[in-house]
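In what follows, subunit A forms one complex with subunit B and a second complex with subunit C.
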Partner chain A sequence: MSNLKYSYYPGCSLHASATEYDISTREVCTALGIELQEIPDWICCGATPAHNVDELLSLSLSAKNLELAEQVPGDMAVSCASCFSRLKFTQHILGKSETKLKLVEKAIDGPVHLERRVKHLLEILARDYGLDKLAADVRKPLSDITVACYYGCLLTRPTDVPNLDCTEAPTIMESIVETVGGTTVPWTHRLECCGANFTLSRPPVVQQLSNAVLESAKNAGADCIVVACPLCHGNLDIRQKEIESIYGSSYGLPIFYITQLVGLALGIPPERLGLDSLCVSPQNLLKEKKLIQGA
Partner chain B sequence: MKKKKMHISQETMDVEMVRKVEQLSGTSVRRCFQCGKCSAGCPMATFMDHPPNRIVRLLQLGQWQRILAGRSIWYCVSCETCSTRCPNQVHLASIMDALRKLSWDQDGPSKESYVQLANKLFLQNIRTYGRQYELRLAAVFNVKSGQFLKDMMLGPKLFAKGKLKVFHQKNKNISEVEKIFSRIDEMRRKGEAL
Partner chain C sequence: MSRIGVFICHCGENISRTVDVERVASQASLMAGVAFSTDYKYMCSDPGQTLVKKAIAEHNLTHVVVAACSPRMHERTFRKAAEQAGLNPYLCEMANIREHCSWVHENREEATQKAIEIVGMLIERVKKNRILPTITVPVTKRALVIGGGIAGIQAALDVADCGHQVVLVEREPSIGGHMAQLSETFPTLDCSQCIMTPKMVDLANHPNITLHTYSEIEQVDGYIGNFQVTIRKKARSVDEHKCTGCGICITKCPQKKIPNIFDCNIGMRTAIYVPFPQAVPNVPVIDRENCTMFKSGKCGVCQKVCGPGAIDFTQEDILITEPVGAIIVATGFELYTITEKAKGSPIKGYGEFGHGKIPDVIDGMTFERLASASGPTGGKILRPSDGKEPKQVVFIQCVGSRSREKGISYCSKVCCMYTAKHTMLYHHKVHDGQAYVFFMDARVPGKSYDEFWRRSIEEEEAVYIRGMVSRLYQKGDKIVVMGSDIAVGVQVEIEADLVVLATAVQPQKGADLLAQKLGISYDKYNFYSEAHAKLRPVECATAGIYLAGACQGPKDIPDTVSQASAAAAKVMALFSKDRLEREPIVARVKEATCVGCFACKKVCAYGAVEEKEIRDRQGNLLKVIAYVNPGVCAGCGTCQATCPSKSVELDGYTDEQIVAMIEAL
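Then we have the complex of A and B:
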C-alpha cells in the first residue's frame, strides 16, 4: 500500500476504443493503493492531428488541460502515450518560448500552469511506487510467459521531451514485466513505428509497418506483446487478423496493455482487467501458462 | 521510373516562407549538414518523394513550392525518430508540422487529401464535442473520402468488444473548447498569430 495520489487524465481513447486500458489502469492502481482522481471535464489533447496542422491549437488544448488539472491535487497521471507526449511537449515548448506562451495564454484566456509534473503510468509504477514494492505485491508471477515489450514512438522520443527513459535503449517496460515474473526478449522493432494515426487515412501503411513489428516479435520467440499506447494497441491487435491474411502469416500474438499483465500478476481477477475486449484472444495462452482457470 | 532532374533557381526561391517555417518550428534549417540520419531512420522514407534530409536541403535553398508540390509532408507519421537522431538539433518533426500548417493555410497543391481530410474531421470533432468521437470520425471519413466500405469488417467486431461507442462522451467544457478555437481564429484574423 502507498499514499500516492494523482490527478488522472485518461484521454479520449481510454474512454472509447481503449476502454480496457482505463479499466486495468484503475484496477492496478486500486490494488496498489495508488489514488487516481479523474480531472473533471478534461478535454481532448488534440493528439497528432492537432499538432500536425495547427501547433497553437495543440498547445492551447493541452494548456487548458493543465489548467483543469489544477482542480485536483497531485502530479498528473497519464496512461496514453500520445496524451502524455502532447502534455510534455506543451510544457517543453511553452517553457522555452515566451512568444508562444503569450499566444496560448490569450487563446485559453488564462494563465498557463507549466509547473505540474506529468507522469506516464510506467514511471508511476516503476519509480514512484517502486519495483521492490511491486515485486512484494505479486501474487501470481507471470512465470513461463515470454513478453516482447513494445515502446513505439511517443513514450521515449524525442530527446529532452518525454524524459521517460533512454530514447534508443529504454528498459522501463522490461523492468516492470520482469518484476512481475515475466521473461522479456530482445527484439529489433520495439522502437519502430506501427503507423499510428494513419490507421484512419492510410490503412495499407499501417498494415505494412505493423506487420514488421509483429513479425519481429514472433521471430524473437515472444508469446505476446505488451504496449502502453492505445494507438499501438489498436494497430497491432485490431488489425492483426487482416495483416495475417494480407501477408499470409500466422502470428496469433495477444497484445496486452502493461496494466493488464501487471494486474494478472497482482492476482486481480481476469474478468476485471478487460481481457475480453482484446481482439486477439489471450485465453489459450493464459490457460497454458496457468494464469487463468480452464481446461 | 524515369529520373527527374531537379532544377533549382532563384526565381523559385522563397526565403520568407523558410523564415516562417523556422519561426513556427523553433528550429534552424541552417544547422543541417546533410548527414542523412533522419532519412536512414525514417519509417516512411520509402513512401516519400523527397526523403526527410532533402526536405531540409530544399528549405535551405528556399524551394518551398517544390516541397508543397510533393507528397512527403503528408506521409510523415510524426514518430519523432528524425528529431531524436539529428546530431545538430534540427527538430525535423516540428519542421514537418510547420510545413503542413503552412500548406494547410494555403490549401496548397497537395494531392494527399486523405490525411488532410482525416485531420480536418478530427479537429472538427474536438470543436463540436470537446473530445474525440471515434464512430463519427470513421463514418464521416468513409463518406467524405468515398470509401464507404473501408474497414467495414472491423465495425461489428469493435461494437461486440465494447470498443466502439455509439454516443459521444459527455463534457461540460464543450463551450470552453469552442472558445479556444474561436479565439485562435480571431487572433489569426488580426494577424497576431501565424
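Then we have the complex of A and C:
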C-alpha cells in the first residue's frame, strides 16, 4: 500500500481502442494503493497528426491539458507513450522558447503551467512505487513466461526529452517484468518502430516494420511481447494475423500491456484486466504457464 | 609631477568600431598629469611602437598608459618599447578597452564613456607605480618529459641532441605509446614500427636521457627553471640492471591466458611480460594482479629459470626526486569506448551499437592490431569472435566525436584519414572483401591527404556512404548495420562480418589529476590548454611547462612531431640563458607590521611564503614573520587580500593603487 496520488491523464486511445490498457492501469494502481484521479475535461493531446501539421496546435493542446491538470493534485500519470511524449515535448519546447510560450498562452487564453512533473506509468511502478515494494506485492509470479519487452520508438526518444530511461539501451520495462517473476530476453528490435500511425495511410509499411519486430521477438525465444503504447499494441496485435499471412509465418505472440502482466502477477482476476480484448488470444499461453485456470 | 603619455589604439576596427578613439584621446589629454595623448590604428605594430618611443623622448614622459587590448596580449610588447626608450618597463600600464569594452558593448556613446573612465583609472594607477628591478632566478638546464609516445620521444631527443639532460617518465613498462601499436601510417603507408622503433632505441641509448618507464609523476614543486619533481618508480619485480632481456621467464611463465592490452585484448600474454617484442627497455614486468606467485605464494618459475637472478618479488615502489628547469607534457590520448558509462559521466556510451557487447564490433586501434605484422593475428585480418576472415567490413566514422548528444562536440581529426587507410589495408589483405564507410564529412586537409582519401575510393574500391548508422545488431554470425544514405535519401542495411568504429580521441584517463599536480589548466574534456590558441600553441599559461601531442587536442603523427619539436625549441630557448628574468610583480611583506600569523602562508598556492626570524643585535629572537620568496611568488595577490594587518603588498597592485583607481571612477 502507498500514499501515492496522481492526476491521471488517460488520453483518447485508452478510452477507445485501448480500453484494456485503461482498465488494467486502474486495476493495478488500485491494487497497489496508488490513487489515480482523472483530470476533469481533459482533451486529446493531438498525437502524431497535430504536431506534424501545426506545431502551435499541438503545443496548445498539451498546454491546455497541463492547465486542466492544475485542478488535481499530484504528478501527472500517463500510460500512453504518445500522450507522454507530447506532454514532455510541450514542456521542453515551451520551457526553451519565450516566443512560442507567448503564442500558446494566447491560444489557450490562459497561463501555461510547465512545472508539473509528467510521469509514465513505468516510472511510477519502477521508481515512485519502487521495485522492492512491487516484488513484495507479487501473488502469482510470472514464472516460466519469457517476455520480449518492446519500447518502440517513442518511449525513450529523443535523447533529451522524455528522460524516461537510457535512450538506446533502456532497462525499465525489463526490470518491472523481472520483478514480477517473468524472464526477459535480449532481442534486436525492441527499440525499432512498428510503423505507428502509418497503419491507416500506408499499411504495407506497417506490415513490413511490425513483421520485423515480431520475427525478432520470436527468434529470441519470447512467448509474448509486452508493450506500453496503444499504437504499438494495435499494430502488433490487431495486424498480427494479417502479417502472418503476408509473410507466411506463424508467430502466435500475445501482445500484453505491461499493466496486464503486472496485474496477473498481483493476483488480479484475469477477467478484470481486459485480456479478452486481445486479438491474439493469450488463453493458451496463460493456461500453459498456470497463470489462469482452465480446462 | 608626472608627465604621462596616453596612447589609444584602434586595433584595426576592433576598438574604433564601437569606441570613439579620438574622443578618448582628447578627453585623456585633459586629465591631470597627462602630458601627451594620441591615437593610432595599430599601436602594437612597428610604427605604433615607434610612436610611443618617440613620444617618450620628445615629451619627456615619466609614465605610459596604452589603451588597447588585454595586458595578457601585449603588456610585454609595450613595456619592452618603453624600456627601449629609457623608461623603467613597470612604469608602463595597459588600459583594456577591447576585451573589457569595445568587444562587449554595442552602444557607441556608452562604450566611449566607459573607455574614457578605464583610461582615467589607469592614469591614476600608473602615477603610483614604482620603478621595479627585474628579478632573476637560476635555471636548471634539465628537462622533464612526461609521456614516452612519439611526442615525448621526439621532444626528448631534440632537447637531448642540443646537449641538455632530459628525464623521460613513462607510465607503461615500455616507451612507444600508441604509435607503436599502429600497423602502417598515413599518408605514405610506411610501417609504424619501422619509423618508430629506431627512435625508441635512439632514446634509450642517448647519453643525455634518463629513462624511467613504469613510473608516474607523484608530485611537482617549484617554478620555471627550478622544478622539483617526485617520480614514483612502480615495482617492476625485475631488476632492470641485472635483466639481460633473454625472455626465458616469459617463455616459462605458466599464466599464459591474460588478455594483452597492447593488442587491444585480442592476443594473450603471460603474467611476466613485455608489452610487445620491440619494447624499450626490453625488461619484463610482473603483472602482480595475475601472477600466481603474488596471488597464492606458489610458483616462482621465472625466478628459478632466470640466469642473472633478476627476478625480485620483494621489490617495492620507490620515490625519486629529479630537479628540472622545464617540463614537456606529452601524455597523449585514449579512445572513447562505446560501453555503458559510469553514472555522472557527461559522456554516454552507444546502446544502439550494443554497448560494446557484440564481439565483432571493434574500434580503430583493434583493427590496427589485426592489420599489424606484429599483431596477434600476424597481420591477417581475422575477426575476434571466430577467427574467420571477414568479407564485408563496415567502417563507421564519427563515433562519439561531433555528437553533442553523446557528450563530445569536437572533431577527432585523425579518423577520416585512418579509416581511409584501414579500407586500403583491408583491400590489400582481403582481395575479395568489400569495405563500406559511413561518414558525415571527409575531413582530410593536409599534405597529400585528400589524394590519399580519394585513392581509397578510386583505386581501393571502398564504398563511401554519406550518412550515419542508427543501430547495429547481431543476426546469426552477421552484424546488421542499419544506416542512412543521405545522398540518395534511402535507408541502408548491410549485413557485415566485422564493424570498425572510429571512436573519438580523448585525453588519457587521469589527465585532470596530472594537470592539478602540474598546476596547468585543462578544458572540459581534460585536454590541456595552451597559453594562446594561435601565438603560443605549445606553452602552458604556467611558465616553464610545455605541451606536445594529443594531450592538448586530437592530432596525427605529423602534427604531433612538429609540436614536440616546437616544445623542445621553447625549452632550448629557456635553457640558452644561465639566469632567467622574471617579472617583478611579487608580494612584499612589511616587516614592521607583520605579526607572523601566517594566514598568507596558508592561502599561498605556490608555497612562496617562508618563515623569517627577526633578531636583535645580540641575536635574541624578536619575532618570526612571513617572507615571500620572490623567485617562487606568482604575483596572484591572494596573500595581500588575506593579510589581516595589511602587511603584504603586491608590487604594481598595491592597496593605494587600487584605491586610486576606484577614486578615479
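Some observations on this one:
Just so we're on the same page, the second predicted complex is superposed on the first by the 295 of 295 C-alpha atoms of A that agree within 3 Å, B and C clash if a C-alpha of one lies under 4 Å from a C-alpha of the other, contacts with A are read in each partner's own complex, and residues count from 1 in each chain.
Simple rule for what comes next: a residue touches a chain if its C-beta (ideal position, glycine included) is under 8 Å from a C-beta of that chain, and two chains touch if they have at least 3 such contacts.
For clarity, every value in this text was computed on a predicted model and none was experimentally measured.
In this overlay on subunit A, subunit B clashes with subunit C. Look at A:Thr188: by the touch rule set out above, it reaches subunit C but stays clear of subunit B. Comparing subunit C and subunit B on the residues of subunit A they touch gives the larger count to B. Residue contacts after overlaying the shared chain place A:Ile238 against subunit B, while subunit C stays out of touching range.
In the superposition on chain A, contact is made by A:Ala169 with subunit C only, not with subunit B. In the superposed pair of complexes, A:Ile108 makes contact with subunit B only, with no contact to subunit C.
Using the contact criterion defined above for the overlaid structures, shared-chain residue A:Thr159 touches subunit B and also reaches subunit C. When the two complexes are superposed via chain A, 44-52 is the only one of 44-52, 62-70 or 134-142 in subunit B with C-alpha atoms clashing against subunit C. Overlap of the subunit B and subunit C contact sets on subunit A: residues 159, 167-168, 192.
Every residue of subunit C that touches subunit A in the complex is listed here, in rising order: 340, 348-352, 355, 405, 471, 473-475, 480. Contacts from subunit B toward subunit A in the complex involve residues 24, 26, 43-44, 47, 75, 77-81, 83-84, 91, 93-94, 97-98, 100-101, 104, 114-119, 122-123, 126, 130-132, 134, 137-138, 141, 150-151, 153-154, 157-158, 161-165, 169, 171-173, 176-177, 179-181, 183-184, 187, 192-194. Only residues 12-13, 15-19, 40-44, 46-57, 60-61, 64, 68, 93, 96-97, 103, 106-109, 153-154, 157-159, 167-168, 192-193, 195-198, 200-203, 205, 209, 238-239, 242, 276-279 of subunit A touch subunit B when the two sit together in their complex.
Interface of subunit A with subunit C (complex): residues 159-160, 166-170, 188-189, 191-192.
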